[in-house]
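Letters A, B, C, D and E mark the chains as written, and numbering starts fresh at 1 in each.
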Amino acid sequence: MDNIAIKLLFTLLGLFIVLNWGLIQAGIMNKIVARVGKRIGMPVYQPYFNLIKLYSKRTSITHGVMFYLGPLFRLSGGVGMFLFMPLIFGSEYWSNFSFAGDVVLILYFQFFGMLGMALGAGEGGHPYSAIGVSRGLSQWTTIELPLTLAIISIAIQYHSLSFTDIVAAQQGGITHWTMWTNPLATAAGMLAFLGTMGHSPFDLVKAPNEIPIGPPTEYHSTFLGVLRTNAAILHVVESVLFMNLFFGGATSWFELILKTFLIYFWSVFVGVVFPRFRIEQSVSWFLKVPLILGILAIIFI
Amino acid sequence: MVRKFLIFILIASFSVIFINLYQNFKGQDKLNDLSTYYAENEPQELGAQNLVTSIVVTYRGFDTLGEVTILFLAASIIGFFLKIKESDKQKKRDLRKTSEILETASKILVPLIFLLGVYVFANGHLTPGGGFQGGAIMASGMVLLLLANPEKNVKHSLFSGIESISGFTYVILGLLGIYFAYGFLDNRVLPLGQFGNIFSAGLIPLIYTFIGLKVGSELTNIVGNLKETQKETE
Amino acid sequence: MVAPIYIITIPLGIAFLIGVLGKSNKNIGGMFMLIALACMSFVSAQWFISFMTSTQSPVYIYTAGFKPPFSINLLMGLNEAFFTLIINIATLLGAIYLYNNLKKQGTNAMSVFLGFAMALNVMVMTRDIFNLYVFLEIASVATAGLIILEQGLKSTSAGFKYMIATGIISSILLIGIIFAYNYSGTLNIDGLIEANIGILKGGAIAIFLILIAIVLELKPFPANGWALDVYQGADSGIGAMISAASASASLYVLYKLFAIAGESWYPVIAVLGIITFIASNLFGLKQTNSKRLLGYSSIGQIGLLITVLGLSPYLGDKFEFIAVTLLISHYLAKAILFWISGIVKAENIKNWSNLRKKPLLVALFGTAVFLLLGFPPFPSFFGKWELVMQLANSGQFAWMTAILVGSFFEGIYLFRWFGYTLKLDNKELPEYKMKLNKIIPPAIFGVAAYILGYYSGTFVDAAKGLDYIPLLFIAFIALINFLPAWVKNSISLTGVILYIAVIFPEFDGDLLRQIFAAIFLGGAVLALFAGFYSKGKRSGFHVVTLAMFAGLAMLLKADNLLEIFYAWELMTIGSYFLLIRGKKSMPHGYSYMMFSLGGSYALIFGFALAFVSFGNLDLQSLSGITIYPTLAYSLMLLGFMTKTASFGLHIWLPGAHGEAVVDIHFMASAILLKAGVFGIILVLLGMGTEASYAKYILYTLGWIGAISALIGNIAASFQESAKRLLAWSSIGQLGYIVFGLALMSHLGWMAGIFYTATHFLYKGVLFLTIGGIALKLGTPYMYRMGGLIKKMPFSFIAVLIAIITLSGIPPLVGFAGKWLFYNAIISQGLYFQGIVVLFSGIVAFLYLFRLIYSVFLGQLKDEHRNVKELPLCLLIPIYILIIAIMIISARPDFILKPIGNYLLAYFPSGALNWNGTMASTGLGYWDGYWVMIIVGVMFTLLFGWLLILNSKSKKVKQFNMVYAGEKPFRPETTHMSYNMFSGYNKALGFFMMPGVTGFWNWMSDILHDTANYFRRIYSGNGQSYAIHIIAYIIIIYLIVF
Amino acid sequence: MILNITAVFLCIAILVMAVIAVIHKKLVIAIIASGVVSLFASIIFLLLAAPDVAMTEAAIGSGLTTIIFFYVLNKIRKESNG
Amino acid sequence: MEYISLITGFIMLMIGLWGILSQKNIIKIIIGFTIFDTAINIIIISIGYISGRTAPILDKAVPVKDAVTKIVDPIPQALVLTSIVISLGVTALMLAYALKLHKYKNTLEINKFKDLKW
């Protein structure tokens, strides 16, 4: 890490790649979901058009400072997670600023975005946004539980909380991946992944046809644009997180793209099959199967 | 009924305690050392013939002081406790005329009783008797008078006057004991005088007269108070 | 030196003289009485001083000029001088108090009073047993007379019952005396001691009769129905005389006659005393008549003194000190309480709230209550401490528990009563005026209590270190209570700052105490500064706040167990008065006091075990307790955990803090709870980890911490009132700290201490802002607030920063605590407790959002249109705390490094190793400084980018919500803060059943039902009381022989 | 010897009187019985060679106590039907 | 001789106690008390009695020098003097109480005065 400037350049480049890959991935996934429903579905580059449309809007209204800063918090949450996440194992340039924090930092950074969105929606003044936020938060707390259990069991297994060590320990073939050596933790983790992605069984909060109920009720034009860019980045970074933890990280960009696609595909695959949960159902569901898996993961390391 | 039975059991077990108390009580054959001391050198020290009086007045004079205060307290408590409210004083009561015999008998008997009372506490140190007995006799004389003519009332101020003065002089006599003799209530303030005649045994007769006066007036006070409240209700 | 005989002759002579004065000139009679009593007190004072100062040997007074066996003699030794002095002072002040009553009854009553005083003196001084009987009889006749001073059915029937009872008792005494004379041949007490007639069966029974009569005179439990009626029936002034003067006289008589009884009697007396103490205090629970309750309490205290007498072989040389301090405290407290009840004349304890019309009376009432229960500045504190220590020293743990349980019962009804006085409204209660002669005696005794408290402190060697400057400063503030609040505020502020300057250098070596000193005293400065918001007088507030902070400062400065306990109790008093100030805070203040009382008794038990196993009182004795170590450590932890409101002991906190005003809320939560943490640290440092029992205790402590964290956070998210939400969240945070400490590892303690410091910072911000807003809007309920961001931007920013820190979101300092916890849990291996703690950390996010959303965001209510920003005096302390948070967030190593070095001494392994600003443990690494910079830079870049994109968005009015469904028209409908997490509640609601409150209510119900059932024994029938006396004698006889 | 026989008679008499004083329904009889009890007691004191005490007991015990009792009884009966 | 009086004193004690505890009427209770006190006085005197001896008056019958072998123990007699007068005072006070109690509730039953309880 001879000097910060080069590192900054590579991080920006990485961010650009991740943003594009996020949008393309979203487009592909929509296409697949449509195909499953025997529909043609919108073109793969549709997300690009959405972004361009949103950013080119001339008028926008704001309900106050916090409303204005809400999407900003959200975006900085997504970008922040990206900054502290080592993308490519072994390469000096692609490990972004991961020297500053370990898994715990990433785990708690997720809240940063959550908080921003919640406060912004709250400022909006519309009651439906508050309902959406309270639902999102309650669901989120129970999602975190199996994830924390999984991370702790990994930490016990690899005696370390830093990404580089965890990924290093998983190098050398499928059999070294955590998925293989610690299947219970991976199962708990992947179930929690469903919750984080916000796809079908747990998408009550940001469900497309429930816009009026979800948190971004009042957001429009540039604000919505910022939210959509963050959504793209966040999905990729989340899948990179799970990749590093459970599927042996990536030694090259191609491996990263392939693995993130497959991980993301897992949540879409489940999303298509299962109907939407109500809040009580999702909260109690998370406290049943994933929780038990997490506990077992810790007991049987 | 159960309560009575319970009390009976209580008393039975109480008597068990006393039986054990008597267990090693053996009749005394000779005086214990305390009373032998009194018997031997009481005549030289105090010069009173009646041993009991000497113990009561001097040796254990402090008890008698306490004793007198009890009566004094009882009298004053009854005094302010049964106080007659001013409003009831005027109510007259229908008097039953006392019988003829009582009236005339009391005229003769009362002076005799007073004389006996004075005699008893005058030479308390010679013959049995003393302040308390003399005072009680005087009080019974007064009661006889009250019975004889019920409409007359006890002059409380007079009797409480006598009572206080005699009490006060009793305390002063005690204090004199400290200055002139060896201790509080010691009777060697006055000369012991010739053993057996009226003016012997130092202060004892003097103290006993004052006790007699005090007890007499106190008891009359008590009876008077009880009698007066009677008026209150008629 | 005036001859002691004058103590007897003066009152007698004047009593007779007054009789002469008759009814006419009562005033002169009154004057004479007072002069007589004054002379008596002067003589006994003269003797007492000469005994205390010069080496005056005891003096025998021979009546009738003959040596003792042949005549009655009186003794004037040190004990006699002391007892006659307290009796004469009590009767003198009692006479002043009763002057009008006595005058109304005339000179007879005055001479009876003089007779009463004289009789008590002689009872104390006489060495002849028959003389003792006579003067005991005088005293009972005089008391019977004084009872009916206030004519009435109640007093007459009480007097009659008294006459029956004392008649039987004195006859039994007479029988005992006669048979003792018959066996020993002498009536003199010294003669009886030598004659030792105990060996004979009959002689032993004679002594039994004498002693049982004296014990009956002291109103032992089953046979004291008559005494209670006397206390209830008689005039309060007389009640004071009986409970203060005649009780001490009979106690001394029992002590005097004890020499005759010999060794076998000690356990019997102790058992009788403890039964009386516990039973009468237990019955006090259900009592509503004030005078009868005072009767129960004084009988209980006498029972305690009898127990102390009975346990004297175990108390060694400390016996005199304990007996005197406890007697003096009972004597002063009971006299004050009876005199106040005479002034306020309220039958039911509920309408004692009438007392508040005269603040002096409330102060006196408080002094008496705390004096009785043995709180710091008073002599009974030292007495009770020495009692427990000596009992522990001789291994009498059963006795210790019995005494502590008894005084806990007493604490229950006394504090309930005090709570009624402070809080119930007294509009419609009758007006009363405080005549001068009625207020002087209690005032004198009140002042005497404090002076004697200080004086008795000098006797206890462990208490040498206590510095009394803060207490003097508090007394000074108490005097200027009439000044307006801001004047007092500034004086106390300067006082605290000066005190910090004085004591802070003392801690320079010891970092732990420095942190806690910063929290306590820094918090004090901020709280007092925030106190400027209140207008008006705020009477009593500053005295009490300074008492709390003095207690906290002393807690840090303490270097032995006594000073810790002293500071702990002082702090409890201060905090009780603070918490009770809230409008509806009576039940909560009461439950707070109950928990802290129970906690302090557990504490003193633990300290006693530590003292015994180590030999002396300094702090090292906490480590390596050998006798019942598990019990000692768990009791001490329990004691300290009452203050940190951990699970099971937490039910007082939400109510107490929910009702407190803004700066009190800040003091109570941010500062007071840390005192408990400091205590736990001391105990855990002492306990160490290697002992077998230690593992077990630490495991349970860990679970308690974890569960209280979970319960605290989940409960907080369901609260409707903002202040209760914060109170529950403090329970959660304290649960964190307790869990951290229970880990007993370097990282665990680092996390715990770091959390204590940061909790003070961000919770301070939250309390001050939310408290200020609740004060401004007049309601703590969140669903009535909303949209305040427009009106109070600064407080919004402060709360936002506090929320980010509390939930542990990275850039700010909260994350450091979470990170430390993560590493500590994984390295320590306590996974399941760890999971519970981490889960509750995440749940914390719920109520934080609810707090900030319902207070600041959403729609602004119509009535809050003209609400202005928080007053400056609140904002300044808030922003000081904010700046502190920011500094520590940027450079967390400013605090973490010193803590690390400090903890190395205790936990060498598993320390944080630093390079530059990056902290790394065996597991992970974290660099606060770089995280702060990266997030900062990124945030500003994105903010700039958003500004460029969206600079032209225009602000819209409140209801312009076009982008979603239909348009709501009134602000109420657009506020969704009521029952916010209902979904969550349905899923996890079962977990939140109020189990613990149910448990504690069930416990107190049992106590009250037993009390109600057993007190039926006092059926009111004089005859049955006589039966109880006889039965009592028989039972004791059967036990003894 | 005769001394003991008289003492025994006296004691039986005093006990009988005491029982009457305590048990009897009518108050007047009870009070008179208690007066007689203290009279017999003073005689017993004489037998026990205690002249002082005998005189006191006679004067105070049987004399004044009984009078006080009668006064009080009289007043109570007057008040109850008055 | 003293044995007989001791036993009578003891039995009288029990009768007095029975009077105090079982009788309902207040006057009866006071009578019980007087009997109780007289019994105690009898016991005290009988303790001091030495058979075959005369009263402790040193007049012609008892010359001073051989008083020690002739007189009975004087001390109990002194004590009884005090205790008789005490019992008088106490009884007078009790009767005054009885008077007042009667005035309030117009009855002499002890169990009618139960308003001070629990």
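Simple rule for what comes next: contacts are C-beta pairs under 8 Å (C-beta built on N, C-alpha and C of every residue); 3 or more make two chains touch, one makes a residue touch a chain.
Here the structure is a predicted model, which is why all the values come from computation and not from measurement.
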Which chain lies the greatest distance away from chain C when centres are computed from Cα atoms alone?
D
Can you work out the whole-Å distance between the CA centroids of chain B and chain E?
15
Rounded to the nearest Å, the gap separating the Cα centres of chain B and chain C is 55
Could you please state the distance in Å, as a whole number, between where the Cα atoms of chain A are centred and where those of chain E are centred?
102
When the centre of a chain is set as the mean of its C-alpha atoms, what distance in Å lies between chain B and chain D?
18
Residues of chain C that touch at least two other chains are 130, 134, 137, 141, 144-145, 148, 175, 179, 182, 187, 1027, 1030
Would you please write down the residue numbers of chain B that are in contact with two or more other chains?
7, 10-11, 14, 22, 25, 32, 34, 38, 50, 52, 59-60, 63, 66-67, 70, 73-74, 77, 81, 128, 130, 132, 222, 226, 229
Judged by the touch rule stated earlier, which pairs of chains are there in contact?
A-C, B-C, B-D, B-E, C-E, D-E
Under the touch definition given earlier, write down the residues of chain D that touch chain B in their complex.
50-56, 59-60, 63-64, 67-68, 71-72, 74-75, 78-79, 82
In the complex, the residues of chain E that touch chain C are 17, 20-21, 24, 26, 29, 33, 36-37, 40, 43-44, 47, 75-76, 79, 82-83, 86, 89-90, 93-94, 97-98, 100-101, 104-105, 110-111, 113-118
Complex contact set, residues of chain B against chain C
6-7, 10-11, 13-14, 17, 20-25, 32-34, 37-38, 45, 58-63, 65-67, 69-70, 72-74, 76-77, 79-81, 83, 157, 160-161, 163-165, 167-168, 170-172, 174-175, 177-178, 181-188
Which part of chain C faces chain A closely enough to touch in the complex?
787, 789-790, 793, 796, 800, 803-804, 807-810, 815, 818-819, 822-823, 825-826, 831-832, 834-835, 838-839, 842-843, 845-846, 849-850, 852-853, 856-859, 918, 922-927, 930-931, 934-935, 938-939, 942-943, 946, 949-950, 952-956, 958, 960-961, 963-965, 968, 973-977, 980-981, 983-984, 986-988
Per the contact definition, I'd like the list of chain C residues that touch chain E in the complex.
130, 134, 137, 141, 144-145, 148, 153-154, 156-160, 163-164, 167-168, 171, 174-175, 178-179, 181-182, 187, 228-229, 232-233, 286-287, 292, 1015-1016, 1018-1023, 1026-1027, 1030
